[in-house]
Every structure is written in C-alpha cells, then in structure tokens.
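Here it is, the structure in full.
Letters are used for the chains, namely A, B and C, taken in the order the chains are written, and counting of residues starts over at 1 for each.
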Amino acid sequence: MIPGDSAEFPKKATLAELAALIGGTLEGDGRLEIVGLASLEDAGEGQISFLADLKQASRLEKTRAAALIVPPGLPPFPRPLIRTPNPYAAYAKVQTFFSSRPRKPLGIDPRAFIGSGAEVGEEVSIYPFVFVGSKARIGKRVVLYPGVYVGEGAEIGEGTVLYPQVAVMDRCRVGKRVIVHGGTVIGSDGFGFAPDQGGYVKIPQVGTVEIEDDVEIGANCAIDRAAMGKTLIRKGVKTDNLVQIGHNVIIGENTVLVAQVGIAGSTEIGKWVALGGQVGVVGHIKIADQARIGAQSGVAHDVKPGEILSGSPAFPHREWLRAQALFPRLPEIRRGLSALEKRILDLEKKLGGPEEPAKEK
Amino acid sequence: MIPGDSAEFPKKATLAELAALIGGTLEGDGRLEIVGLASLEDAGEGQISFLADLKQASRLEKTRAAALIVPPGLPPFPRPLIRTPNPYAAYAKVQTFFSSRPRKPLGIDPRAFIGSGAEVGEEVSIYPFVFVGSKARIGKRVVLYPGVYVGEGAEIGEGTVLYPQVAVMDRCRVGKRVIVHGGTVIGSDGFGFAPDQGGYVKIPQVGTVEIEDDVEIGANCAIDRAAMGKTLIRKGVKTDNLVQIGHNVIIGENTVLVAQVGIAGSTEIGKWVALGGQVGVVGHIKIADQARIGAQSGVAHDVKPGEILSGSPAFPHREWLRAQALFPRLPEIRRGLSALEKRILDLEKKLGGPEEPAKEK
Amino acid sequence: MIPGDSAEFPKKATLAELAALIGGTLEGDGRLEIVGLASLEDAGEGQISFLADLKQASRLEKTRAAALIVPPGLPPFPRPLIRTPNPYAAYAKVQTFFSSRPRKPLGIDPRAFIGSGAEVGEEVSIYPFVFVGSKARIGKRVVLYPGVYVGEGAEIGEGTVLYPQVAVMDRCRVGKRVIVHGGTVIGSDGFGFAPDQGGYVKIPQVGTVEIEDDVEIGANCAIDRAAMGKTLIRKGVKTDNLVQIGHNVIIGENTVLVAQVGIAGSTEIGKWVALGGQVGVVGHIKIADQARIGAQSGVAHDVKPGEILSGSPAFPHREWLRAQALFPRLPEIRRGLSALEKRILDLEKKLGGPEEPAKEK
C-alpha cells in the first residue's frame, strides 16, 4: 500500500512505507505498523515521533515512541529509526499523511448563492451561505466554507480552500492550492485619497489582487487591490494572521510574513524574504531577496539581498544587537560623561582653568 | 423586589436594593427610587452615578445625580450615598442591572443550518445564516449571531455569546459564559512550514483551541489551533480587539491582553498578567504570573513573576523610564563627548601631547 | 454630454469635458475623445494620464498617453494638456468618472433577512445573507453586501456601502456616503473590566458608535462602542485596514489613520490629523488639529496643534531624526567615553592622581 489520500481513516502505514514517503533511510524493522505521529513526550504505542535538532537529543531519553525520524548525525539509538537530513519537513509529510482525511465533496449546497454566468468546477464543496458573484470562476475541488464571498468575475484556482467569511472581491484572482484562513479580505480598496478643497477625493482603486499558486494567507488579513494594475502575491508566499498588504505591493516567491506585519503601498519584496511579527514597511521601497527583518522593526529604505536588519528604523541586525544592549545603559553613559567632565574641570583648574590656555596662545 | 434578569425593562430599584446588590453601606434614604446610571456629568433626576477615585472628587461639585456610589474615604457629601471599597466594580454591577434586558430566546431560526448529529441546548438564540457543523455541541442559552460558524465537533458552553461572523473551527472548545466579539477566528491553522526542496511543506495543525469559562475575546482577533495538543485560554482571560495568539500558546487565568497584542507560538503566559497595546511576544518563552508589560514593548525572554517591563526589547520599566528620557538627548550626549575631547586635547597639549605620557613610563 | 453616473459604460468624454470636470485649463484640441485613464507608463491610444509632481517630469518622455493632466509649471509639452494646480485630485476625479458604473439597484434579495419594524429606503441593494435587525433604518441607495449585519435599531445613511461581513452593532449610526470595507466591526463592546474578588466584573458598554458622513473605514477594523455616550468618527475621516478605535474615542474631521493604528479609550483626536501606520495612542489624551505622528510611534501625552512627532514614546520629529541617527552609534559613543576616561587618567597621573587635587584645596 502506498500512502495516499484515498486511504481509509484512521490510517496506518508500515515504517518502510513512511521511509519511502519521506525519502529517508530505514534502520530497523520496516514491517512495523505505525498508526499516528505525536511529540516525543506524548507518543505511545504504534506512534512515530521525530527529533528535529540534535541539540535536543536529551528529549529522546524518556520517549515511548514506537519509531523515530532523526537527523543523520544521531548516535545509534535502540528504536527503529528513519534517518533524513530534514526531520522537520519529514514530520510535516508524515503528519500530513496521518491527518489528511478523504473528504467527499459536498457539491453546491442549495443554500449557497451562485450568480449568473459563474462557472463552478467539479468536486467542489460550497457550503451554505456562500455567495459566488456573476461570472466568477471556481476551479475543481475548491472548498468554500460558510460565509465566503467571491465577487463578480473573481477566480479561485483548483484545490484552493477559503475558510469561513473570507472575501475575494470582484475581479481578484486566487491561484491553485491556496489556503486562506477565516475573515481575510482580498481586494479591499487601496488607501488613496487626494486632498482637495477642504476634504478628500477618493482615488478609485480600479486594479485587482492576484495571488499565485501554493500561497497560504492567515486569518483576518487585509490585502488591498491596486489603484491601477495589480497587487501581486507570488507563488509559495506564507502570511500569518492580521497582516496588512497595501495596494500595488508585490511579494516575491516563498516570502514569509509573520503576524501583524504591515506593508504600505507600492513596495516590492523579493523572494525568500522573512519579515518578523509586527514589522512595518513604508511604501515605494524594495526589499531584496532573502532579506530578513527582525520583529517590530520599521523599514523605511531599500534593503539589499540577504541583509538582516532590526530596529525602528531598521539597521544591520549585528549592530542593532550591540546598540540595543546599550540603550538601557544610557543613564550610566550620561553619568559617566558628567563624572569625566568633573575630572576634566579639576585638571583644568590645576593647570589654570579651561579658558586660560586659549588666551595663552 | 430583588434586582434580577426577570425584572421589567426599563428597570427600577430602590437605593437600598442597589446597596445590597453591591454590598455597600447606605447613607441616606434607602427608599429612593433609582431608574438608571450615568456619569457624574450626565446624571440627572432618578439616576445614580459613581466616583471611582477620591482624586477626582472635584467632579462631584456640579453633579445632579440623585445618589452616588463613593469610596469609604469621601468626606460627608449632601446626597444619598452608597459607600464601597470598590466603586468601579460597583458601577459595573449597577450598570449591568440597569442595562441587562430579559431576552426571550429566539430558538433556532429556520434560516440557520444545523449539521447532522449536532446537539443544541435549550433556550438558545440561533440567528439566520448561522452554520453549526455536524456533531457540534451548543450549550443552553447560547446566542449565535448571524454569520457565526461553528465547525464540526466544536463545543460552545452554556450562556456563551458569539457575535456576528465569529468562527469557531472544527473540534475547538469554548467554555461557559464566554463572549466573543464580531469577526474573531478561533482555531485557524497555526503558522508552521518546513523549508524543503525549494519551497515549504505545510505542517498540519492537528491540535485545537480550548477557551475556558468566563473569557471575553475582542473583535477580529485570531487564535490559532495547536500543531499538536491545544492552544489554551484559561478562565477569566480578557482580550481586546485585533489580538493574535499563536499555536500552542497558553494564557493564564485572568490575564488581560490589550488591543493588537501578538503572541508567537508555544509561549506560556501566567495568571493576572497584563500586556499593553501592540505588545509583541516571541515564541517559546514564559511570562510569569502578575507580570506587566508596557504598550508597544517587545518581549524576547522569560519574564519573572510580577516583573514590570517596557521597551523593545523589554527591560525593567523603571530603568526604561530613565533610558527613554535620555534617548531624545543623544545628540546632546554626543556633543558633550566631543566638547570633553576637545578640552582633554587642550590639557594634553599643555602637558606635552597625548602620546608623550606613555613614552615617559 | 456632461460626464455623470448615468452615462453608458464603457464611458467616453472629450478632453474639453474632462477639463470642465476637473476645473483645469485646456491646451490643445478639446474635441479629442478620451476613453480611459492609465499611468504614464501604461496609457495608450485614447487614454489620458497625469503627472502629479514636476520632479517626476522625466516619466513623460516615453509616455504614449493621448493627453495629460499636468501641474501649471510644466514647460510646454507636445501633447494635449489639462493644467491644474492639483493633478492628483484631478486624476481621482477623472478616474472616478471612467470607473463608476451605473448599477441598477438589486432591491432586497429574498435571501436577506429584514427584521420587524426595519425601514428600508428606495433603490437599495441588499444582497443574500444580509441581516437587518428590527427597527433598523437603511437609507436610500445603500448597498449591503453579502454577510453584512445591521443590528437592532442601527441606522445606515443614504448612499453608504457596507462591504461583505461588515457588522454594525445595535443602535450604532453610520452616516451618508460612508464606505466600510469587508470584515470591519462597528460597535463591539469597549474593553472595560473592574477587578473584583479574584476576577473581573464586565462593565456594560451601553453607549454606541456614531460615524458621520463621507467617512471611509478599511477592512477588518474594530471600532468599539462607548461605555456610556458615544464613540464618534467625524465627517471625512479615512481609516486604513486593521485599525483599532477604543470606546469613547473621538476622531476629528478629515483625520487619516493609516493601517494598524490603535487608539485607546476616551482619547480625542482633532481635525486633519495624520497617524502613520502601526501608531499606538494611549487613552484619555488629546491630539490637537493637524498634528502628524510618524509610523510606529507611541503617543502617551497630549499633542499640540500642528506638532509633528515620532518615536515610542513620541517626541518632536526633527529631534527624533537626530536622535535615531545616533542610536546605532551608541557603541561608538561608549567606546569614545572609555577612551576619554583613559586619557584623563593619564593626565591625572601626570598631575598627581585624581584624588590629590581635592586634598590640595
């Protein structure tokens, strides 16, 4: 039996099958039957566990797991093992195997609303109280939870899941295998107003949002539509909850935005960038590939490839480590300065006061 | 008549009844009839008001309130009084009496969806467009506002109120007398991805969220389900709006999280802790009981019981007060340093230059 | 033909008509027919574009726009022009003309719920799964997207648009021509709890929220109802996404709150104030008219009219610019201090040590 979505639930696999699934090296009896995965502390009979980091090897001592996924460097350990260079990813794959349930598609619940001219693919699950606007396109195997709104002419790609109350506004496009958690709004108007004659004129936000394949967006985020053109979230981007993405922003492939990050309009972020929690980024700048920004930082200027920054405003992380360590010692620094001044004054008095030397010249 | 939920509305009570309700000491005519509560400035005929703090006693001068709830230490004042050590809590209780309306339960509106095998208690109010998943359990007197989503196998305890568009995802548990404000998502996936072969593998979030009794959660919050095990919000916790709680976080009893706080995964927060607005807390740390963290602080290390911290990164609040006061004076400090250097140089010249003393040794 | 909402779509206008619409000065053939607006880089045949700022005049070189909206100071340029002192506002007006579509009102969809005693004006669009509570009042031409909740006795003014899943809780009032983006909650309970006997007593939030005319509120915001009285958002206020406004806050006319701003209870903000992204403001203070606060700042004290502040805690922006520039140089400052101390010690040794001078007196 090859593990797969069509398996019965609860699932089972032999250790050899799991080793094949994760591409690891088996040590021990491959016929051992595994029925689930748990942490080292919680795993029991029939369960596999994993050690992600050799530094935590002491956690192995008391584990009752039936088998273990471990890094190559672990010394011999008296339990059936699967060795793999990336135990954390292996854990993800094994957990996915054990936790993914074959779901029979619901079809379109009669309490959902499907607008005229909307196209809905096969094997979808469209729950009650979902609204699909006219001319929208819903791909195969899409799951739309209760309260989801898909606007006029919007597109949702194959296998994408929109959790409850997600709104994808008109004409926005969401790719394949995307996951959007509850309450997130994709395609709200960008924030643009022109001051004029004692008030503001709203700048119509006529662009859209495009979200590429394999993206995951957290709960209660807001991703604004472009003023013109599109706000673009590229392949593989992952955002945590409560993230704000302004109009015309571009987020590069596989970039990670931790919770409560805010990115102002027209900023462009590269690939494999990581922004820590609560980071703020001003508009109209570029953050290059593989940059990493520490939590709560504020980024106000372009960032070079691979740079690691912290602080508000942000500067190189290593320098920030030194500077922030001195911040609590500012009172001591100032006291030091006063003490030196006193000593200098004493010296100056001995030598005839601070003013005289100048006169003597 | 004893004040209670079954009273007519608008409500009335005698001053003696209110004194009994709040456990206070009556001074004046207990038969006085009170019909409502308002602030000292707004209260008029038939209304009671309150003074929370003796420091604000000057606000009493112009009040037209018919009676007052006051602290024990207030000097005699020519109005019927109820004295109590905690006038603020007394205000809350009296306001609750006057504002709570006996609501006839709606039952289950036919436009709501109740899944197969779901159990729904008595005297509930389930509004139109509510979705209750299969095998979910809804306790007695629960109120589910329009657009609420309760996932498969989720549990909602007695007397709990979920405001519009709240989502409680599958298998999550919400205790008794809990209030969750609009748009909050309980049980979105934790943020976990393992880098692997040019992309990320999603780590299935197979755990749940458990919210104990008497908790209140603000609007548009996100509380992630655990990777394994549970995210736990203990009894009496109060969170403000737009709060982010990561997977496997534990929040201790009666802890208060002000708006826009973000807590990363697996962090454990004790009892009676207070986190100010926009505070960020990294993952995998412990904040002990009764700690207090100032607004906008960033907490990156364990915090001891009762510690009061501020800053990003956070350090003891008293020290932070001194350090932050000097931050605007950094230019002055540096100028001071330059001035001293110049004076030292002058002294050194007088004594034969900075290098010579070393040679003389 | 005078441009207007009743025009056919897609729309056309002559250059002379557009000049009249924006009150600008025409240079060139007013009969030129324009069919749309695009950026300088994207505009092509039949499209108008705009130059907001003379500093960007080099962007004109390659534009293929058929006509241009430009500032008065632009040197002669070989294309039909409309000159206007505020090209950005002119762009907004022209874009509004081209993008606004005449929508036939939907009326009240039979899948919406309208409570008893609710009043609904003419020409509304009330989508499926909208809930309008009893005695609520919905003005003319209001658009309520799917999933909108309007509580008991709430009021929505003429021409207002509430996007999907917006909740306006009971008794709250929203003015005319207001736009509220998806997921925002207006009228959640303010955050008020009185500690009492080992727990908290909830302070009933019996007040409301009032939002005046021409306000725009972003997606997934939370605006709390007052404890007593009202939380007040005055005419023309614009808030971005994920903004938190506490109970009893007052926001003055035309004030702008950028994304993820948080304002604690009872604070009063003046007119034409601008708060940058992620700014936090404590409760019970006043920020006067036309103040501007930099992104990520923390405001803990009253702010005077027109003050420009940055930092957490915030102080004058000009001083902040100097201080923050020195923050990364704290290690250098401390090293400088140590170096001076060493030099002083050398001087002191030459002159008989640091203590002797005192004795000699």
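Please note the rule applied: a residue touches a chain if its C-beta (ideal position, glycine included) is under 8 Å from a C-beta of that chain, and two chains touch if they have at least 3 such contacts.
In this text the structure is predicted, and so the values were computed from the model without any measurement.
Novice: Going only through chains that touch each other, what is the minimum step count from chain A to chain C?
Specialist: Tracing touching chains, the least step count from chain A to chain C comes to 1.
Novice: Tell me whether chain A and chain B, two copies of the same sequence, contact each other through the same residue numbers or different ones, using over half shared as the line for same.
Specialist: Mostly different residues: under half of the interface numbers shared.
Novice: Suppose each chain is reduced to the average of its Cα coordinates; what separation in Å results between chain A and chain B?
Specialist: Those two chain centres are 26 Å apart.
Novice: Where does chain A touch two or more other chains at once, residue-wise?
Specialist: 129, 147, 165, 183, 220, 242, 260, 278, 312, 327, 329-330, 333, 337, 340, 344, 347, 351
Novice: Along chain B, where are the residues that touch chain C in the complex?
Specialist: By the definition above, chain B touches chain C via 38-39, 42, 86, 88-89, 91-93, 95-96, 99-100, 111, 127-129, 145-147, 163-165, 179, 181-183, 214, 216, 218-220, 236, 238, 240-242, 254, 256, 258-260, 277-278, 295-296, 312, 324, 327-331, 333-334, 337, 340-341, 344, 347-348, 351, 354, 357-358.
Novice: Hey, which residues of chain A end up touching chain C in the complex?
Specialist: Counting only chain A, the residues touching chain C are 113, 129, 131, 147, 149, 165, 167, 169, 183-185, 188-189, 191-196, 199-204, 206, 220-222, 224, 228-229, 242, 244, 246, 260, 262, 264, 278, 280, 282, 298, 311-313, 315, 319-320, 322-323, 326-327, 329-330, 333, 336-337, 340, 343-344, 346-347, 349-351.
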